[in-house]
Amino acid sequence: MSIQEFFHMGGYGFYVWSSYGLTAIVLIFNVIQSLSLQRKTLRELKNRLRRLREK
Amino acid sequence: MMERQTAQDDHTEDAGLSQLEVSGLECIRQDIILFQDISFKLQSGDLLQVDGLNGSGKSSLLRILAGLMQQNAGKISWQRKEISTCRYEYQQELSYIGHLNGVKDALTALENLRVMVALAGSKPEFPLSKALDQIELVGMESIPLSRMSAGQKRRVALARLFITKAAIWLLDEPFTSLDASGKLVIERLIAEHCACGGIIIFSTHQPMEIKDCSIMHIHLGKK
Amino acid sequence: MMERQTAQDDHTEDAGLSQLEVSGLECIRQDIILFQDISFKLQSGDLLQVDGLNGSGKSSLLRILAGLMQQNAGKISWQRKEISTCRYEYQQELSYIGHLNGVKDALTALENLRVMVALAGSKPEFPLSKALDQIELVGMESIPLSRMSAGQKRRVALARLFITKAAIWLLDEPFTSLDASGKLVIERLIAEHCACGGIIIFSTHQPMEIKDCSIMHIHLGKK
Amino acid sequence: MLKQFHQLVSPKYFYNLAVLLTPWFAWLTILLMIAGLYGGLVFAPADYQQGESFRIIYVHVPSAWMSLFIYVVMAVAGGVGLIWHIKIADVVAKSCAPIGASFTFLALATGSLWGKPMWGTWWVWDARLTSELILLFLYLGYMALQSAFDDRRVAARASAILALVGLVNIPIIHYSVEWWSTLHQGATVSKMDAPSIHIDMLIPLLIMALAFKAYFVTIVLLRSRTEILEYECNSSWVSKLLNKVESRT
Amino acid sequence: MTSYWNAFRVIFLRDIILASRYRAELANPLIFFIMVIVLFPFAFGSDPDLLRRVTAGMIWITALLASSLSLEGIFRSDYADGSAEQMVLSGYPLTLLVAAKIAAHWCLTGLPLIIIAMLTAYLLSLPTQALQALFLTLFLGTPVLSLIGAIAVALTVGLRSGGMLLSLIILPLYMPILIFSMLAVENAMADIPFDAELYFLSGMLVLSVTLAPIATAYSLRIRMS
Amino acid sequence: MTSYWNAFRVIFLRDIILASRYRAELANPLIFFIMVIVLFPFAFGSDPDLLRRVTAGMIWITALLASSLSLEGIFRSDYADGSAEQMVLSGYPLTLLVAAKIAAHWCLTGLPLIIIAMLTAYLLSLPTQALQALFLTLFLGTPVLSLIGAIAVALTVGLRSGGMLLSLIILPLYMPILIFSMLAVENAMADIPFDAELYFLSGMLVLSVTLAPIATAYSLRIRMS
């Protein structure tokens, strides 16, 4: 099976690859979003702690 | 439009600068005659307190004077004209604060003040920030009224008095929910407005003190 | 259920007849600490006034005591039990009147009273007609509250106090809109309830006088 | 036993456990994903009816399964939090929602992409498709309700009630193909006795399903960690932890 | 026990009286319904066959909308005028009072709705067996709408984004009822037995009668704090 | 003149801000719409031909309901919190302020409604020419709904039997709009020109833009006293 055939998917390439692409995007987005949320929260909590300590 | 001068000047020079005359006023609600034959004449600098028990018709009288309700008999004239013939001019000279605050719970104090200014139809007397300062709400500009205490809401409603240029103030129990310092602010404001030649008609159940002003009284209902 | 006896008897014989204890109460709203470390202990016959400026947290404190709001820290116990563990018993001993009247505008005074009685969960102390008499609304039984004056509505809300058997009264500015005679009635009622061994916590901005009772004070907010 | 349970539901212990487990699940996800993708895209033979387009099954079906599964997890966790006041349960429930919504969206989108070549249309208003759409609304409503409250505890309780009430929809979505005559495929894989699908096609599908499960656990652990920190921001162990992180950076 | 019953009765009657005072609330879903039905032929043309096929669905959708819309107000005024506070603080379980309110709501909207719907269906000449199925599904379904809807309303009352949230939340919860009712009617039209659907609806009814008031009371309490 | 414009703008913006605060009001008609559309296939079965025939009518009925239901609240909160009093007493003609409120209402419900309706119609695969007719009728018709509805609302706000009266008054006024709109869509489906219907709708629009605010302001003033 050639690479071209593989991407062609018997004429269904668009549908198959959009499905897999979309899935990849959504799954990766979830990871990134969770990580950035974690980072943001840590930063905020640290700031809060600092503010409390200053008081 | 009313000018901020001292009351004395007004009275001697032009006694008719503002004049509100009421004669033979009658109000019937629920088949009960609340009051009858109410007549008085107010001029620049006059302060009239409407007294009476609960349900004696104080609010009804004030609403009639504001043009929000129709009297059953009698007439009201402003600058010698019947108010029904000069509704708009009269309303522009009028500021009414009733039992209801007339402010929006979902808006912040500042947004509410802006609406008031726009509806007042004239440039405000005061910058809004100063009005906020007067009602001691500085720092709470961006909180919607729904998250304020009862007294703070009432203060926002009363802030109308700082930004209006109206000559006649109709205040129905303005001191509701106010603490002592808030009450003082409003009392001072009332005194000032009278001194500047305004006319105020108000009702309250609370003991109060207005400096340098003689308060006229009108009593509704039996007793 | 509280018995109507004279306060003296209670105090000497059984000091713990009713006991409300608050310790370390804290309330945070809008990231502002309204109060912190509030502690007090009230027993049968005690009268506590909550003082403070507008927005200082009086209503919040009363709502927390009523169990309508959650405190951020601290605990409240009734008869030595935390109120969260005995919610129903506590609520049956409680009568709360807030800024909102908690009455239905579309119903008449009598209909409103009937609902109150049914919800109070016990036979009323008073026949309803007598309660109506006390709040001076005789003859207005069949008028819906929407056609009553502000003071008359407040009176209907306060009529709750005549028909409840609750020991603890939480009153948030009960005198709002009341005229002098209405205020007197409520003042008398408060004095009586204390004399009979009840506990009252209330807030008001108006000067007032309760006979034969020493009022404790608690001050919220800075000043 | 009881003691262990208590330990497990203590936020601090759970946090540490989550920190420990996250990388393991992350690696597991990656491994399974690679295996599943190879199996699905290369190893499995083309379907004799649908041709190569059937390979969408390897993302569509696991997503669809996960969309239902996660909802159940979320509702059960919410219920546990509601009844026993276990913070961890609240946290897990809240963390589930966005992932569940993502998978629901994926099931809809990949289903649509599959429907076009198979049925000749992106969308039909049939029972399974519409009910899956409604599941998405349910997730969105849940998240909206969570964010409508200022107080975390209140939000958790309120949305737990919603999740529990919404649970009735799950069996309806699952059985919708049997109850209605629809265009959608009937149960082919999940028939217990004999799956009517070729074994070479089935194995990659199961691997993909496992990969998605592992992914779900990874993300839930990750999000729960954040949530726990926020929930417990006043406790001493969190400030200690933050101090440690701070001094390190 | 009798005093429990008394509290239930008083709250129930209170809501009925209130609605009859503000006849608005009483008649709104009805007028709404009538409005839809009158406009119906205008909207769909007067092809009797088409009308017949659409009738049952139309009636159910309208019932659903009417129910969810009138539910929105069920706690709103109580919340605004402080009655909700007093109910929470009353000497009775909130569940009981909430149940009374829901019962009143159903009597005020569900019941008249059923009557009008049947009339409409008759006027639009729905076949008898479908009529019967429609009646049974409405009878079993509308209380469930009130009960489940009340939970959603209690969760969102007084919230900033209340209304939108409410619709978003209520929609998925109403879906199963609509689905099964329509299935029953369809089966009836095709002369297939529809017991299974009725069993399902009855099950939902029993479940929601027992659980929904508890959930509603709990939600309301949460919202108060 | 500029100060008139300013007053209009402020009231308009105030209502928009209010709606965006209580996102409820903003999105409710939309959600309502989505709800109807999603439940649609459950109610009518998934026969695409049937769906296509029912779509336009369904959309118009829903638009009508959404409009009249959201109108009900347009003066309610102003009346309850005293803002209406202050508007009546303001230094500007009430007509102007009322016009601003109606404009805001249309922007908040009519406009998004049109967008969603078009989307829906597309999703339910309405033919293109019908789509166009639907758009035009909605565009001309929904402002009329807001304008006419406002009169009725102003007449009945705060009245005991407000809602019922309102619906009774509004319904006959809405009917011609619905009828002509549906005629236009039907004609479009059959490829017949539908100018006449559009002229009628435009005429209604012009008439109601000029007269409705005056009538509304007058009614409101009557209600205050």
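Note that the chains take the letters A, B, C, D, E and F in the order they are written out, and that residue 1 is the start of every chain.
Rule of thumb we're sticking to: a contact is a pair of C-beta atoms (placed from the backbone, for glycine too) under 8 Å apart; a residue touches a chain by one contact, two chains touch by 3 or more.
Quantities reported herein were computed from a predicted structural model and do not represent experimental measurements.
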Interchain contact steps from chain B to chain E (minimum; 1 if touching): 2
Innermost chain, taking as reference the mean of every protein Cα atom displayed: E
Type of chain B:chain C copy interface by residue overlap (half), same or different: same
Farthest-lying chain, centroid of Cα atoms versus that of chain F: C
Whole-Å gap between the CA centroids of chain D and chain F: 41
Gap in Å, rounded to a whole number, between the CA centres of chain B and chain A: 61
Between chain E and chain C, distance of the C-alpha-averaged centres to the nearest whole Å: 37
Distance between chain centroids, defined by C-alpha means - chain A, chain E (Å): 42
Multi-partner residues of chain C (each touching 2 or more other chains): 70, 99, 106
Shared interface positions of chain D, touching two or more other chains: 127, 134, 137, 151
Contacts with 2+ other chains: residues of chain F: 21-22, 38, 40, 42, 160
Chain C-facing residues of chain B, complex: 29-30, 52-55, 58-59, 99, 136, 143, 147-152, 155, 173, 176-183, 205-207
Residues of chain B touching chain F in the complex: 66-70, 88, 91-92, 94, 96, 98-107, 111, 114-116, 118-122, 144
Chain D - residues contacting chain E, complex: 127, 131, 134-135, 137-138, 140-141, 144-145, 148-149, 151, 154, 157-158, 161-162, 164-166, 168-169, 172, 179-180
Of chain A, residues touching chain D in the complex: 1, 6, 9-12, 15-16, 18-20, 22-23, 26-27, 29-31, 33-35, 37-38, 41-42, 45-46, 48-49
Of all residues in chain D, those that touch chain A in their complex: 41-42, 46, 51-53, 55-56, 59-60, 63, 98-99, 102, 105-106, 109-110, 113-114, 116-117, 215, 219, 222-223, 225-226, 229-230, 233, 238-239, 242-243, 245-246
